[in-house]
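Two complexes follow with chain A in common, the first pairing it with chain B and the second with chain C.
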Partner chain A sequence: MSLLPPPERERLRAQYPDVFARPASARLATPAMILAAAAIFAFGLVDLDFSPARLLAGFHQLGWITMMMIPPDPGSSLPAYLVALGETLSIALLGTTIGALVALPVSLLAARNIVPSGIFRFPVRRFLDSIRGVDTLIWALVWINVVGLGPFAGVLAIAVADFGAFGKLFSEAIEAADKKQVEGIRASGGNALHEIRFGLMPQVLPVIAGQVLYFIESNTRSATIIGIVGAGGIGLQLAEQIRVLEWQKVSFLILMILVAVAAIDWISGKLRFAIIGQRALA
Partner chain B sequence: MTVAVPVLPSQQLAALNETYRAAMMRKRIRFALASAIFVAALMIAAIGAEVSPGTFVAKIGNFVSYFDRIATLESGARVWSDIGEWFWGWQKWLTLLGETILISYVGTLAGAILAFALNFLAADNTSPAPWLRFAVKRLMEFCRTVPDIVFALIFVMAFGLGPMAGVLAIMIHSVGALGKLYSEIVENIDMKPVEGVRSTGASWISCMWFAVVPQIAAGFASYTLLRFEINVRGASVMGFVGAGGIGQELVVAIRKFYYSDVSAILLMIVVTVFVIDIGTGWVRGRLFGKDVRA
Partner chain C sequence: MLVVEGLTCRFGTKAAVDNASFSIAPGSFVGVIGRSGAGKSTLLRMINRLAEPSEGRILFEGVDVTALRGKDLRQWRARSAMIFQQFNLVGRLDVLTNVLMGRLADMPSWRSLTQLWPEEDRALAMSALEQFDMGSLAAQRADQLSGGQQQRVAIARALVQNPEIILADEPIASLDPRNTRVVMDALLRINKHFGITVICNLHSLDLARNYCDRLIGMSAGRVVFDGAPAKLTDQIARELYDLEANEVMGTTSGEAPADSTIPALGTAAAA
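Right after this comes the complex of A and B.
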């Protein structure tokens, strides 16, 4: 390769100053960002009481706990654990279903193509947002105050948390629906409810069914933890066994959760495929 | 104006109608069957979860009045009539909220660094050995299936009470979740730059650094920011099990029925989550915007 003659180079340099000399701000932006991120990270480590000695001692302790966990062994409480697992699955299924049923009408109110008026839609959306801003565990604590300890509080907690999430997801699915079918219903003389039932629902329901199945799956995971605050299910057993340091039982319970989540994963995958396949046929 | 609609001869029509009816019938039967199974599953679940509509109806008033109570100060006035009294502990709560965000930040960043190191081993196209890929993938699956609060419970036992357990729990969970997303991005890259770098005799690490990383940086940053946002939510409840942050104050307020404190802390958490939500959204927009321009 030969270099360009100097006058040519000068001309190019004058024409594209950005390429030859990037401004200092552009060149320094990335290192500055990395430096800032690292500085906050270091500050965090100090502020949150990280010290090599504590880490070392902790990992030593953790290693010891892991040794104690092997082999996983339920002792004599296997039947109780199976009941608790059933409870957890029940909480996930019921909570998701209730949340979806309540969210469906509300999501219609939050969808732009159903309620064009922003004044009405805006508060509904913000309401759903604030419900989603609060964690399932917090809802569980609130419901325990209302209906007492036990799995019922868990069902209601999952239902409320899902209501917020579904309301948003459903309304997005409704907004993405094709307008032509709704117009077709209107052209043949249908009223607003007919439009929703025959124009919108056939398009939206398969999407919604897929989302509900996905949530049942992810709620199996959430349902395992709400027991930690006393809302029933396998989390209650897990938290208790951790507190009394029965590590073999703890590892057995964790294994049970992993197997249950994998099983639900597999089933809902099959079901989702069946629903989408059915839709392709229809 | 009348339009003649062509009508098929009745014999032909009858056959078509029959086929249509049979097809619809099959669909309806399948739908009814699926609904029946679903309802049966719900019934079993309702028994399993000790659902009692009676309790629900009797106590639903409590739920509504709970919000009434958390909106009332001890003096009986509405909370917004005396902001100073409502947020009496704002200094303490803000510090704890800052700690919550810091827990999430340190946990996410540490998790992202680990996931970054591991994901090249887990992606189909860059993994140096199949057995290594299998092992790393299973490890990540384990990390993301066990909920972060369960890790926190165990870490509190090992590392003692305090935010350190929360940070480590969030870190482990983020390694699992981010590792999967990262490796999916890596599986979708263009392999030609990698071949180019390898043809110069570069080592595996050089291949990753010079050929893969420039293609994936924006996607990684975007997922990491999303994870940070999720982790702020997760860190707000870490205090429930003694792993630091605002959760400790909240659980005490709820359990001891300090009603106006509950609403004050909840409001602060929700606002923080909103702000982080909008902030990360803005940063992600900037990152991707810059990428499009380049």
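Right after this comes the complex of A and C.
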């Protein structure tokens, strides 16, 4: 673009003064913020005893452990490990499914287009928020104390934590649904259940299915972690072998977990594409 | 006989429909005309009870429709079938299921919710689809159809409701000229063939004059014209739409456009 003639420039400057005048405070804001962030970061490093010397010493140890891990070898425990891996996958699958099944009806109560009144919707939302605020790991510790060690506690932990997350996600999907389709059902003489069943669910279920699959994926990882604190599955085996310093078994277990997670990722990716793909391409 | 008495609908302080009164004989084809925002959609939505009237009554064959609740209300909605500008089909359901939605008010909920549609209802839906050459598309997903095809599905859905009135809210506003004819002819056929009353919101005066045997003109929520299309003189038509033309002029520059039809760069930027 060519240069504007000076009178035109003057006119624009007069008409939009805010665009041209950049006060000192605006110019200094960004550098000041970067400086403050750097200061907080440095303070954190000092306060948390960050020590390059210890890290270097640790590297020596890490190298040694890595050497001990090669080659990965399950010894005679392979069948037990496979059972444990199956247990972990079941924990993820069952926990996520139960969480989703319970969350679906509750999410309807948290959606504005189903329950317009804030007085009823608000407590449901807060309830879901508070459940979601507690991490899966903490739920696992809670349930281990309630129902004892083992996979049952793991399933409950994942179900409860996911219930909170799903409740929020589902209700958002429901609120984003196209109102016109629901109105079409109402105008034809459908009741509230018909509106949900035929107007809402066909729109919402594919979204929900995608979210559930994604959670199964990430819960395969969570189920391993909560196994370490005693909720059964392959995490328990891993914790055990680390404690007795069986590094070859540890590396084998880690490889098993990696392969399982990759397989689940792949399968759920395919499924999700099959569910939403058609729509996304259209 | 549909009787509307002093019907008013307010959103906040603004009256979208203001004290509308008229009655419509069975079997009429009535066009509702008026500029954008005149209250045409709100009027139709109140008759179907999608919008709540603030004042006034709607009577159908002596029954006060505005007082209906629950199952009676749902049955009234089925009897006054609504057709929308955006079709309002469920995109992810197939065409047949969309048409079967028109049967919801007449069957027990356990049947419809489990999709155990009675044989005769399926037959009814297929026959309605066939009348609009849509029989072969019954298994297609509704959102894979063209606009004209979707509107024909919506009309089939309305038809299986066994309606006494069809309320069509700008049914052709999203369609091309060919589909406009197809859809308007379908409405006319339903009107003449089954004697179903049609009340149709239209933007185009030409269409309104061609298809309707009575026109109701609305302006700012009020009924300002009610009579045969022949009585709608150019003078009245201009009054119905003129205000809008003035507004359109006012927002650009207030002056007559320059001799070139392409606006100069400066005026476009200023607008």
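Going forward, the second predicted complex is superposed on the first by the 251 of 282 C-alpha atoms of A that agree within 3 Å, B and C clash if a C-alpha of one lies under 4 Å from a C-alpha of the other, contacts with A are read in each partner's own complex, and residues count from 1 in each chain.
In the analysis below, contacts are C-beta pairs under 8 Å (C-beta built on N, C-alpha and C of every residue); 3 or more make two chains touch, one makes a residue touch a chain.
Because the structure is a prediction, the values reported are computed rather than measured.
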Query raised in the report: Is A:Ile225 in contact with chain B, with chain C, with both, or with neither (first, second, both, neither)?
Result: first
Query raised in the report: Counting only touches as set out at the top, which of chain B and chain C does A:Leu35 meet: first, second, both, neither?
Result: neither
Query raised in the report: Of the two partner chains, chain B (first) and chain C (second), which one does A:Phe50 touch, if any: first, second, both, or neither?
Result: first
Query raised in the report: Is A:Ala192 contacted by the first partner chain B, the second partner chain C, both or neither?
Result: neither
Query raised in the report: Thinking of the overlay built on chain A, is A:Glu183 touched by chain B (first), by chain C (second), by both, or by neither?
Result: second
Requested in this report: Counting touched residues of chain A, say whether chain B or chain C comes out ahead.
Outcome: B
Requested in this report: Go through the superposed model and pick first if A:Asp129 touches only chain B, second if only chain C, both, or neither.
Outcome: first
Requested in this report: Find the residues of chain A that appear in the contact set with chain B and again in the contact set with chain C.
Outcome: 282
Report task. Enumerate the contact residues on chain A facing chain B in the complex. Result -> 37, 40-41, 43-45, 47-50, 54-55, 57-59, 61-62, 65, 86-87, 89-91, 93-94, 97, 129-130, 133-135, 137-138, 141-143, 145-148, 150-152, 154-156, 221-222, 224-225, 228-229, 232, 235, 238-239, 242, 245, 250, 254, 257-258, 261-262, 278, 282
**Report entry** Touching residues (chain side chain A, partner chain C) in the complex
**Finding:** 178, 180-181, 183-191, 193-194, 197-199, 202-203, 206, 282
Query raised in the report: Considering the complex alone, what residue numbers of chain B touch chain A?
Result: 27, 30, 41-42, 44-52, 55-56, 59-60, 62-63, 66, 99, 102-103, 105-106, 109-110, 142, 145-147, 149-150, 153-155, 157-160, 162-164, 167, 233-234, 236-237, 240-241, 244, 250-251, 254-255, 257, 266, 269-270, 273-274
Requested in this report: Can you check the complex and tell me which residues of chain C touch chain A?
Outcome: 48, 50, 74-78, 81-82, 84, 86-93, 97, 101-102, 104-106, 109, 112-113, 143-144, 154, 157-158, 161
